[in-house]
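Reading through the structure tokens given below for one structure.
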């Protein structure tokens, strides 16, 4: 290897192309899986791809995808946020309570600011505990999961927010759209693109990957580790807050804990989307695709008239299939890379 | 099955099933219909799950009612609708020596053992909303006769869709006792000749989870484009279903009915998504349960068929077969009357 | 330019540095020498802001500074190559080099094209062909070290600190590195250089500071010293010989490797090692030596060929079977492969011999501790407590723990991959004496080393690998620097 | 290094977060000691505050309620020490319960059913283990998948039915006390299994191997430890234990349902974490975990007896988790500060982001 110098660039480029392809491949394989699923389902029931059907899928995915974006940021830094589900619940309920107290005076914007602020506070708490107090993320967020859930139940205590009490503009946000495209997916896509671009193209964005890849090396490289981890949690919390408000807008009726148990769904979306649970690898696009795939599987199984009792089992099996295929693919390409790099050296 | 034949303890082995623990304790001395209501009774409501708005209405009414006869009542319960968490509470209440436990059972049999232990300690057990196994409670306060609920729901829907077309049911969890009893009667009702043109195509489960019920409705409508009506005999399910339909192209085309609270449904009745739905008065349910518990604890009744007791403003109630007390027929809500209610 | 005045640093009870002073001047390369655990790396970390001195101060251009962290030192123009590579395995090599100071395009975006071009340029300067686009995961230790070097060079710093940058490199890369460093030095850069290879110190440096047990021993121009002086000051006594090779008569064949192939990595490797023999496997970095060792030991699977130990064939891919047959492998990457960094010294030493310290099914802690204490003493391990985690040990002492761990299994065939990487000269002699003694006791030893003098000094036979194949087999008498190097670079295969 | 690409990521060449490693606090405040102290404090406070608490009846209830969690926590401790996790345990419990129901309903003998479902549990664990060890998938991801799969299968097996009326001889075995003591049978069994697990983890070669695998898998592999096989065994043990817990659960409640034990996995993990087992693997003691399980259980019982609302119980559990981890760390930081005012102590080179 040492002897070769001049031809470093061409060999390098092709290998680099290959590496890029591996990362793309994760997303491509998701898209392919999605396509197969949609085609099969549509073949059985053309209604699946009707305007209403597509709209439903996108609407259903939006909130999950939003949470997945926040979660992937945290997971990329080799941490985890299990508290997102309970934050969504808390925010949905509190915001509902807050705006329904004065539905004319408090509009969409107030609701959004209020909700995102609560979410951000929860995220800040997680972030401070993880980054500055150095408490393991799993413990912290499992703890805050319980605390926030308890708080939510305490505030809600058997009450219910009803759609009638909410400002119509808020309900519009959740169910209407521009030019037939509902607002919810638009919001999600905008957030996804912004975060995705930031993570890829800005030095501070790369810091997140560096931290997840090797926290010790990141510190030595002068990456402000704590601040970035704090930022990741803050952001995840704020997105969960946004998700909570959108939940309220979309469903109108909110009892104590919507999104209960969602922490594991969000984590599965992120994992299916190719974000490594050990940090350092993955993109928010993948995470969003993962969320889309999970939601579509759920909808497709209903449409395919699969027995209700089989649905959950099949969802699990498909999830396993998704990560398995992804893994096998990655291993294959790595092996290819090994042989290639040696041939190039020789 | 070959294995089963080799011996061992099977379902059919003699005396296998857990015999009623203290059948003697369950049938105590004589009822004294004229005994005064004891002062300072301690009642505990144990709903399926706290934070379920419906259960909260019931229990709050019961707690209010307790004050009428100078007792104290509290509501305790798990935040998830599981039998195992309910059991911890039953045990605790037993330890605390309450006079009566009022329970909406998450699983008729699972709560049985601990309830028997409570009864053995002289604690009266009143099931309400969702029954426990017969020998594990003294009384069951039934919101409405299960048979009537089941059959009337089918009638209600049939009238609205003209006795014709595919229908589906959106239930709560697959294991909910009361839901399954109702669904049983619905299926039975549908076998009658006047419903020969109606077909039940699917029973879906929304797990009493808002989002899940919402998506199940969606799925039903896509999977069965010819669907004419949905019955959702659960308050969570019907409101989620209504919300989906009100925002979709199916509004006005698919008829939704079921059991819901008026506050939840007001908006959808007014915007035309839902024409009619039914429910009993949950406040009366809690009220009756509290009085029944008091009557039991004071020795006015023992829980045998035919006994009567006074239930405050609801007047005199009679214990029916299997220790059931029925609140009354369900009430149908529609645009013309819904504004008179606030719960 | 950068200086340390009367600095002290303790870790708990360990006083890693006491009252050490040192001054770096522009245009001068300064060597730091001392045994393992003398405090060299600690000094480096103190200068670079990782540690803050407990006493004394760091001076920059004569004024006291307080670096809040590594970032602050980097701002001030101090670039550091740490002893252990600190790479991001999931990121590309180019990103590793430029993390935190990527070239920017408009709107503060990263200019990837420029980044890759600059990285390629750096590697060209160092004369290596690492693809800047590949992920750092899977780079060999040497390549990792080269990336670290590129990273430090790319900072164009005023002060360049290198903690054993050459430990994993072979002659060629070292020569290139020195060329680059000499250029920098001539441009006015101050250099601090740490190495256990004395010839390198003499080649590159003008001044040397010597530490012993955390204390300053000497600081003087290199020209005033002979290598022997240097060693004497480091070790505190005279050293007999660095390569105490005993002559032994090779016994029967202990290890036979037949046409071993792992696709894309090495091909048709056949050789045998006899009892009592030390066979060196030499070659350039990346020639596939470590891969062969790993395959023999069963850590990697092989695609074709056979491995026999004492006449018994080994199944592919089973280290457990290899160990049962009497094989031991001291791997090259001690931090990842050799040691469980979070476990204590005794547990690490005990890990390979869990069976030998058992009473029934239960482990006897006393037996485990005795065994560890025994080996620690035999290898002159420097430690505070056997219960301390190995990651507080200095690099060289960690290496000794790895050796102890494997020697304790009493192997018939010992494969050592870079056994003296990062080991100080005193201990190196010790390790060599040990290897030679083991061979004398009839153990077959396969030694992989990038240190040519070591290869020549220790081996009975030298196998040379070139690009995944055995290029030559050279007996001790004919082994010279020229013959080995020419085989290693593929210039002639005639010797085979 | 092709090897590390084929095993679990994260055990690969990424250096483990804590380079400087063990913080000095480890020598002064051990987490598990702290949790045990807290447990004793809770017990004493409970006994002093409420007459209903420290009596045999109540403690027997409280312990009985913990039975399944405690059983599963044993196997989970081993897994987490080896840096793996099994989130599917609650679903295996449900599947086992559903199978008992379905087979009992079909007229099988309980003596046949019980071993059969335990074997099925082992198979569930085997599937997890194979996916993790053969394909090198992260166990968190795999077991989230099987969490859904096994729970789904439970519904497939039993549907919406609830099967009851199990033979009293067997239900008594589970609810009854060991003659002459207030100790329920499952608790006695747990004690036995805990002793075995404790010995295996802390005093045998296998236990040492687990710690090595947990803190540095590659090095363990290089030391000749059969990493994959050990992990596979651990998953099988975990599945078996979960299925067995399902048997206990079903018989104790006398009700076989597909949704039994829903959400128990988080409770188990909370207990394991509270017990001081590091989710990065390689650290922890079984004693700590047992103290953690008991602490969560007794505290809940105590709060319930005092009519503290469920919401508050949830908050207290959460705070307990956080505080129990936070306190020793803060104490260490304070101690460090006092000794030397420098912020950059070796502590700070510990990983900022550890799971």
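The letters A, B, C and D name the chains in turn, as written, and every chain counts its residues from 1.
Criterion: a contact is a pair of C-beta atoms (placed from the backbone, for glycine too) under 8 Å apart; a residue touches a chain by one contact, two chains touch by 3 or more.
Protein identities per chain, from UniProt: A = Autoinducer 2 import system permease protein LsrC; C = Sugar ABC transporter ATP-binding protein; D = Autoinducer 2 import system permease protein LsrD.
Model, not experiment: these values are computed from the prediction.
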item: Intersection of contact partners for subunit A and subunit B; value: D
item: Any chain in contact with subunit B as well as subunit D; value: A
item: Chain whose mean Cα position lies farthest from subunit B; value: C
item: Two chains sharing the most contacts, counting C-beta pairs only; value: A-D
item: Cα-centroid distance, subunit A relative to subunit C, in whole angstrom; value: 42
item: Whole-Å separation of chain centres (CA-atom averages), subunit B against subunit C; value: 73
item: Distance from subunit D to subunit A - Cα centre to Cα centre, in angstrom; value: 28
item: Cα-centroid distance, subunit C relative to subunit D, in whole angstrom; value: 41
item: In subunit C, residues with contacts to at least two other chains; value: 50, 69, 86, 89-90, 138
item: Contacts with two or more other chains, residues of subunit D listed in rising order; value: 2, 5, 14-15, 18-19, 155, 159, 263, 309-311, 314, 349
item: Of all residues in subunit B, the ones touching two or more other chains; value: 50, 79, 174, 205
item: Interchain contacts, given as pairs of chains that touch; value: A-B, A-C, A-D, B-D, C-D
item: For the subunit D and subunit B complex, residues of the former touching the latter; value: 52, 55, 57-58, 61, 65, 104-112, 155, 159-162, 164-171, 175, 249, 252-255, 257-263, 300-301, 304-305, 307, 309-311, 314
item: Subunit C-touching residues of subunit A, taken from the complex the two chains share; value: 1-5, 7-9, 11-13, 15-16, 19-20, 201-203, 206-207, 209-210, 212-214, 216-224, 276, 279-281, 334, 337-339, 341-346
item: Touching residues on subunit A, where the partner in the complex is subunit B; value: 45, 47-48, 50, 52-53, 56, 60, 149, 153, 156-160, 162-164, 175, 251-260, 298-299, 301-305, 308-309
item: Interface residues, subunit D side, partner subunit C - complex; value: 1-5, 12-16, 18-22, 24, 199, 203-205, 208-209, 211-212, 215-216, 218-226, 282-283, 340, 342-344, 346, 349
item: Residues on subunit C engaged by subunit D in the complex (per definition of touch); value: 11-12, 49-52, 54, 68-69, 84, 86, 89-90, 137-138, 140, 294, 297, 299-300, 319-320, 322-323, 329, 331, 335-343, 347, 350-352, 354-355, 358, 361-363, 389, 391-392, 405
